[in-house]
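Below, chain A partners chain B and then partners chain C, in two separate complexes.
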Partner chain A sequence: MSMKRRSWHRAACAASLLLTATLTASACSPTPSDDDKDPSGKGGGRLTVARTGDIEQLDPARATAFQSVQTLGLVYDTLVDTDDSGELVPGLAEKWQVAPDGKAVELTLREGVKFHDGTPFTAADAKATLERNMAKETGSVVGSYLANITAVEADGATLTLTLKQPDASLLTALTYTGNAMLAKKDIDAGTVGKKPNGTGPFRWRKWKQNQRLELAANSAYFAGAPKVSTVEFRVIPDEASIASGMQAGSFDLGILSDPAVAKQVTGAKAAVTAQPTLAYHVLQLNARKGPLAKPEARQAIACAVDRQEIADAVYFGQAKVTGPITSPAYPYDPTAALPCEPGDTAAAKALLKKAGYPDGFELKTITMTGEYSTSTNIAQVLQAQLKKIGVTLELERQQTNVYVDNWMKGKFDAAVALNGGSVDPYLIYNRYFTKGASLTVPAGYDSPRLDELLAAANLTTDKTDRTARFDDLQKELLGQSPWVWLFANQVYYAVGTDLKGFKALPTESLEYLGKATVGR
Partner chain B sequence: MAGSGGPLRFVLGRLAGTAVTLFGVAVVVFVVLRALPGDTITAKLGTEAAALDPDQRAALTRYYGLDKGPVEQFLGWLGGVCQGRLGVSLDTGVPVRTLIADALPVTVELALLAMLIATPVGVALGILAASRPGRARDLTTQTLGLFGLALPEFVLASVCVAVLATVFSYFPDPGTYTPLTESVGGNLSQLIYPALVLAVGLAATIMRTTRTAYLENARSEFVRTARGKGVSPLRVRLGHILRASLVPILTMTGIQFGYLLGGTVIVEQVFALPGLGRLLLQGITQQDYAVVQSTTLLVATAFVLVNLAVDLLYRLLDPRTR
Partner chain C sequence: MTTQAPRARHDPLTRGVWHDRNGRAGTILTAALLLACLTAAAGLLPYDPLAQDPTTRLRAPSAAHWFGTDQFGRDVLARTLTGIAASLRVAAVAVACAALIGSFLGVLAGYVRGRLDAVVSRLADILFAFPAILLALAIVAALGQGWFNTAVAIAVVYTPIFLRVARGPTLSVREAEYVKAAKVLGYGPARILLRHVVPNVSAPVVVQTTLALSWAILTESGLSFLGLGTQPPQPSLGLMVSEARNLLTEAWWTLAFPAALIVVAVVALNLLGDGLRAALDPREGTR
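Here is the complex of A and B:
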């Protein structure tokens, strides 16, 4: 009986395990995906990009998520472009001329450019696009940058913008994907945001939400057809899985934001490039209430913070310490104008005493969970550093929506934030520190001096003059320390060995995909 | 209810109860979603939302249909659902039905595959353990089971992905889903590892249930009677003990399957599978109301129906419940 029983059990177990094994084995049989090869068999090839999120908005005017902006930037073109160092270069406009009084800009548009559906691009399209973005009902996220425009006129290949007052940052605003050129007929038909139709290096081909997006090379691209035939974006929500995919050679390019994950990408199949972006990590202080209303209290915090130590701890030493202006075109010593040497706790304590808080104080500090993955890590190092001078950061980790709500209403003493940048410093700080601008509440600080400096800087188009004025702005910001600027954000690009000619940019644009090759 | 009336009446009664349950689910989900701080606009724009002036905000509110009152929104959505329209994703402008149609097969297949692996393994191990209670094989199996239960899914999944990638240079066509009808090999290569990961915990649960039920039934009188009547040991085990144990096993399997249909969020995230769990997670973070409402309603319906199916199977298996 015992023999029999045992054999029966064995048979049952064997049968079920066999079933499992068969399933597993059949699945493991090699099925190389032909998709990764060039379907045409000719040169070019398919370039696969892995990132954590999908494009979520097909209308450039409303796109804010960087995945959307990045992707639409490949399909659409802007009138003006920026080169690798952030200088303005021609886009769909071949050249431009600012009137001597600064109150008009005349752009000469490139001729012979066609939208992907074959419609020729004309000044009428440019006029329709800008007017659409200026109209409040569009809800354009870049509309406010065009607020100085009073009239747009199209005449042949010439587009003339009439301005209320000189606006030096306007041309930079025209480089934003939000101001990308749409076809007038798409605007009239209300089809913008349904199927992208641009003039860019890649055409919209196939989109399966949350899975893959395929763009095809635009062989008629005015700046030269892309060398790859297809760019495919895959949505891999977990960054660690992107890292694994890179190591397995599944992707040509993987876009990562978590420094700890980027470090995991090792092996022969991929290498990681860390690219500082224009966005910056900052400890925003709310100078409108409590101890922080005293400049000395804010300065004490600015002095006690050792920026490099945070960069070392959270970004493994790779992040670049920055002052208020992240644009490479306006270099400035990030700590020179601080009231004392950064990390000088003795000086910081003296400042606290002067402010009337020799024993320090407590600050309700908000940090974001979710997408901004390093927020809490940064806050924890800040907490340890500020403890040395008796300032206690009481950390409140908040989910994105809660954080945004509190941030917008200025409901915090301090906030660890990752704020977006621009190649034009005016566009970074106008909205925070110009009187009546949109982000003055979360800015937590205002002064007539800042207002004046920003207005003056935007009135002049002279490069030297502007640089001098922005230097003054940086000096004022660092000296008053309404915020404690830490370092530029980093984006990590895991580049597969087959991908050649790709270059990461501070603007996070993927325009080099139009020049890259994949060789297998 | 059991005992009175035939199976048809039983089913109809249950379905009526189901409708009430589902309405309750719909209301709760709707209210909870609106109670979350922020809205679709802040979820989409993040801190950039603060840069919108009142006119721009009003335009976006209209654009996303958030300017209607909550009751109007709820009734509009529910009315649509009753007619088979599940709403439109605020996030992408795609009909929710399309999103679900894309995501559902992934999750259903994953759940089925995981069950297909876990059930035979769990039952076999459960019998193996119960055949010699307290002995080495029982202890080994039980320890394995505990381990399977204790090991968090995300650890197992992440390790699985990392090992496949680093050791075998393998990551099966990630980020997308190949339907079974398109390529059996391609499909299974994508789903087998996540299914195995899910199966570990499931098999452990099923093993424990099987063991307990089997041990209990092995001691019961009808088994002794059967043995006394000279029924062959194999038949006693298969026809009597195991059959009597099927009800609890089935209950456990049914409940687990229902949970799996609710979305295997972690496994879908790690293996980059575009299933229901991910659709739901994304819907919640983006405050994409129609997506979350319709998907939860669908999942709740599936859960209730699976349970109904299990109840019907009881009646088939156990004459006493008829």
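Here is the complex of A and C:
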């Protein structure tokens, strides 16, 4: 699960809303005072971002909540970066060269880059960072992506990574904020995670937990100083309050996940951009027990589900139906390899009969309350669709922590889930379907064929070859239907009219804040 | 009151309520609600409250759908009526349990006094110390979701109220001369309780029952709103309000009708309670 947000405040807000019998959605609307607008008085101005959760971690290697990743991504830089379409572009490394046998990568680092405290960035810093992330005791969330590295060597501006075997997803792994470059002296002094010190476009200024976080522009940023002087993140737990705050012009940018709330942002002061992300909504089936062990039973469900109808009902037609692979650089037909047309109930019934369950069966289905608020709505439409073929979804709504626990232990017949994606398909599925990987239990399905396909795809660095192999992977996944892939997640960015030059990205990165202006 | 035998009911209770203006309004409204519930429970509604129809999503109120349709194309009227039936079922079970257990313990504690009274009353005090909705939330969270657990949670919250309502009059009645006379005549405690104490206690308990019903509906709505009461796709008024909150600017009818029904149900039962009090309270005049 890629999403972790605090839901208690929202619940408290909702409770007060009901108890006071207030039927408007603006009960918790914040009213910032005018002195918040631009205390510096300097040009550039202050950019205010409202979001529902706070950061949970100052160490980029350990940050999982996407608020933390988003924020630290503005303070730290990575060696390699992705452009708007998900292709790799230079970051702190100006260029890189993969050895012909694929067993070494040589990166040439940018010179003249400085950390916020003035220390110059060198290959020694890069070596120390990667070694720190590879060490088990660091507890890096992306450490396993570096597992193929056997040695890191720093020589002047050159960083050489020696690999056990060719690893096509390694460069993508280096784009993750978890692998952002830290200063060697901070690592040695043990101050990483206490006071962020990166090379990124913004410097750390102050953080008041669960309230606000302030970043100041790094005027010496190598790719050009940000145009705003300050970025402030506000924690507003209730999305409806963010929506009303946007309409009142209190914020420049509001980040929303609920499509119904996003629809409420209207008027002259803000406009909403819906951005499909790499994360995807999916009905995970537990193929390790009961009727779902039969491939025909899973295929029947995959056929009976009309994905577009769910997107219409829950995301007002805005969500994009997707297959297993959401990476923009690897586009595939989302349903081509399914055993039948989606929504074809007659074909689905025939498959059920073949599986030996002509009258259907019952599935204990877990959904999440609170932060993943659309999961119950998705589940309700799925329930109505599957009822047509006699499959009964028995919904169990669970709080985030309960849900995640049950999900991790595979305690479900079916689960409505929002799983994180990646610009590299291998990084999306290796943790679920590679033998011995970290999420094989919640995956609920394994096969030597999937394991083989994933391993093969990661060995080749040739784009055409990889595309063909991931095509095979996608076909295998859709054909066996261990899960029913629905559609890409949407994040809604409510953009104030004063904010110019901001662009939402599928990776949910806020890097365009470094290029945006607020004109008032 | 302490010097006379239990008040004989000269006029039937129903007539007393009907003569009271509030009681009349409450009776009519409650009867209308019950009728709507029966229609829903008997399956006589033109639409299935769970049936989704992708072609009629978020339609405004019209001749075909009087209360409009929701995000999934379900008929809001059918869902609202089924929802009020679900809320009333929870409220009725909860209040019945609370009233029976609470008044039984209250009468017993008030009549027996002594250590039993001390223990029972302190336990009630402890329960009273928690805010009602918080206590109900905690109990449902511990028991798990579902309508029966919600009813149990509400019953636990309301039992101490009935206990106090029953205990007070019992305390004064047990000192009454006709009770003392009955004791002197050698009647057993069971006969004294049933013939002399319970009739005196029943009036406030009946009034409290209607008031508690309205509060139980509110509590059930609150729990469902927070996701702990009735579970989707089953409708309940609180859940409908919760689901519709985000659609407010888009489809006001998905929120307005269930919210209005909560208000109507609470007002109806409160008015009925007022009427009952007027009819049952001997101090309310000679009507």
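One rule holds for everything that comes next: the second predicted complex is superposed on the first by the 478 of 520 C-alpha atoms of A that agree within 3 Å, B and C clash if a C-alpha of one lies under 4 Å from a C-alpha of the other, contacts with A are read in each partner's own complex, and residues count from 1 in each chain.
What we mean here is this: a residue touches a chain if its C-beta (ideal position, glycine included) is under 8 Å from a C-beta of that chain, and two chains touch if they have at least 3 such contacts.
What you see is a predicted model; the values in this text were computed from it and never measured.
Q: After the superposition on A, what does A:Asp312 contact: first (chain B), second (chain C), both or neither?
A: In the superposition, A:Asp312 touches chain C alone.
Q: Looking at the overlay, what does A:Asp258 touch: chain B (first), chain C (second), both, or neither?
A: A:Asp258 contacts chain C only, not chain B.
Q: Go through the superposed model and pick first if A:Asp405 touches only chain B, second if only chain C, both, or neither.
A: So A:Asp405 only meets chain B here.
Q: Determine, under the contact definition given at the top, whether A:Gln383 touches first (chain B), second (chain C), both, or neither.
A: Touch status of A:Gln383: second partner only.
Q: Quick check for you: in the superposed arrangement, does A:Ser250 touch first (chain B), second (chain C), both or neither?
A: first
Q: First (chain B), second (chain C), both or neither: which does A:Thr64 touch?
A: first
Q: Considering only touches as defined above, state whether A:Ala240 meets chain B (first), chain C (second), both or neither.
A: The answer is both, since A:Ala240 touches chain B and chain C.
Q: Which holds for A:Thr464: it touches chain B only (first), chain C only (second), both, or neither?
A: Neither partner.
Q: Who wins on chain A residues touched, chain B or chain C?
A: B
Q: Which parts of chain A are in contact with chain B and also with chain C?
A: Touching chain B in the first complex and chain C in the second, residues 15, 17, 19, 23-24, 240 of chain A appear in both lists.
Q: Within their complex, state which residues of chain A touch chain B.
A: 1, 4-5, 8-9, 12-13, 15-17, 19-20, 23-24, 26-29, 31, 33, 35, 50, 54, 56-58, 62, 64-65, 136-141, 143-144, 193-194, 208-212, 234-238, 240-241, 243-245, 247-250, 267, 269, 370, 400-402, 404-405, 407-408, 417, 419-420, 431, 438-439, 441-442
Q: Could you pull out which chain A residues touch chain C in their complex?
A: 11, 14-15, 17-19, 23-25, 240, 258, 260-261, 263-264, 266, 309, 312-314, 369, 376-377, 379-381, 383-384, 395, 397
Q: Taking the complex as given, what residues does chain C use to touch chain A?
A: Touching chain A: residues 50-52, 54, 57, 71-73, 133, 145, 221-222, 225-227, 231-233, 238, 241-242, 245-250, 255, 259 of chain C.
Q: Help me check something: in the complex, which residues belonging to chain B touch chain A?
A: 36-38, 42-53, 55-57, 59-60, 63, 91-94, 98-99, 102-103, 113, 116-117, 120-121, 123-125, 127-128, 131, 158, 161-162, 164-166, 168-171, 173-177, 183-186, 188-189, 191-192, 196, 233-234, 237, 269-272, 274, 278-279, 282, 285-287
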